[in-house]
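Sharing a structure here in structure tokens format.
Each chain gets a letter, A, B, C and D, in the order it is written, and its residues are counted from 1.
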């Protein structure tokens, strides 16, 4: 099932100040990363060695919240505010970097951390790519 | 880009009390519907006839919030509580039905309402399908 | 600092189908419970015996998400849908009951679970009180 | 009913790298601002002149999402990451400034915009105060 992000963007009745394909790719990466982080936090909670994964759970929770909020803000074009989008994308890239780094430390041991680290890396890249077009 | 929902579910270290394929499909439908509703609310805001779309915006906002929360709850398996999942899925199906009905009323006029109504219908169906397996 | 919930309700330009004082009290209880659950989940994560608190963390996360969403839906009056409010309030009362019960099991040992259990009980009561006026 | 933010902070079992009173005040201001913005967006939707308030609705929705997420991140202390808190607080202060400015433009006409502008100003100030202690 392909995501409805791009079809919805195409129906927006006014102009959009950003490249629509890049924007849709970023929103999809954000939603995907939020989903991976929510699932990774719960998978960590179910590991016997959860005591060694508490920082990972915390960065997962932060990253999920920030990615969901960033996807929502980027999905709104009415009264567009480049300043806010830029500032939030920077915070989001920081969250993805932290969470990707933390998950990567556990990737050899826990497959969910490996998949989640990949989603965080892809999302960080998408945020930075979009930021680069907003100068 | 395929979603990470199913790959993440496959890495969960303990057993899951639900059919994994059906669960993943429901989570994907929820995230997709949340994204469509967030975008539809904003597209409605940008229409010249926004005054006739205020109820649609409201149901979009509710549906987006409820779908995002339901996707999160369904993504957690530690200390699974069938009672809560069931109750929330019922509220979510109600939200998707309301929003799908409201968007369908504007679908001829506004393409974003047509795409969003489809996402709501698909999500309502997925919630009810999953509920049917939880009896 | 008193909450702005009641002052904001008083500025709503159209009629509201519910008792405003009861509605404001419920929204405040929901936001308070969401805050307590988010903090309790993190406090549990920092306990040395986190392995015994994983179910509590999970119910905290669910309850925080559901209370935040319920507060948002109850804060919207445009195109009011009693059916959806009722269904969501029932799911929310279920989440508060689960989380209150789970936190109460750890209340002797962990002060954060005691405070959080109280917030969950108060919120469950507020949801049920409001539901009782919606028959 | 006083908020449970400070009582919960006092039960946190490890050390916290920030001034607890200032932190609690910021979290309360964030939750209050999120509530005001959610209610203001809906009140705007119910105004007959909604067509002139679409930018206000949009900044309200953004500000509510960002404040809720910032309150959650600031409520977590396990594996504290000053870098992320700082970056998110800056994005949040930007959102509160935008929303406060936009609501202030309608404050003479709409009481909900006046109350919401005050909540945004208070929240922006709290975010900047906390940022000033994090250098």
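Just so it is clear, a contact is a pair of C-beta atoms (placed from the backbone, for glycine too) under 8 Å apart; a residue touches a chain by one contact, two chains touch by 3 or more.
Small disclaimer: the values here were computed from a predicted structure and weren't measured.
**Q** Mind listing the chains that sit against chain A and also against chain D?
**A** Looking at chain D and chain A together, the chains touching each of them are B, C.
**Q** Tell me whether chain C and chain D, two copies of the same sequence, contact each other through the same residue numbers or different ones, using over half shared as the line for same.
**A** Over half of the interface numbering overlaps between copies: same.
**Q** How many angstrom between the C-alpha centroids of chain D and chain C?
**A** 19
**Q** Can you check how far apart chain B and chain D are, centre to centre, with Cα atoms defining each centre and the answer in Å?
**A** Chain B and chain D have C-alpha centres separated by 27 Å.
**Q** Which chain C residues touch at least two other chains?
**A** 42, 45-46, 54, 57-58, 61, 68, 72, 76, 78
**Q** Across the complex, what residues on chain D touch chain A?
**A** Contacts found on chain D: 54-59, 61-62, 65-66, 68-69, 72-73, 76, 78-79, 81, 83-84, 87-88, 90-91, 94-95, 98, 102.
**Q** Can you tell me which positions in chain B touch chain D when the two form their complex?
**A** So the residues of chain B in touch with chain D come to 41-42, 45-46, 48, 50-51, 54, 57-58, 61.
**Q** With touch defined as at the start, can you tell me which chain D residues reach chain C in the complex?
**A** 1, 3-5, 7-9, 11-14, 25, 27-29, 31-32, 35-36, 38-40, 42-43, 45-47, 64, 68, 71-72, 75-78, 110-112, 115-116, 119
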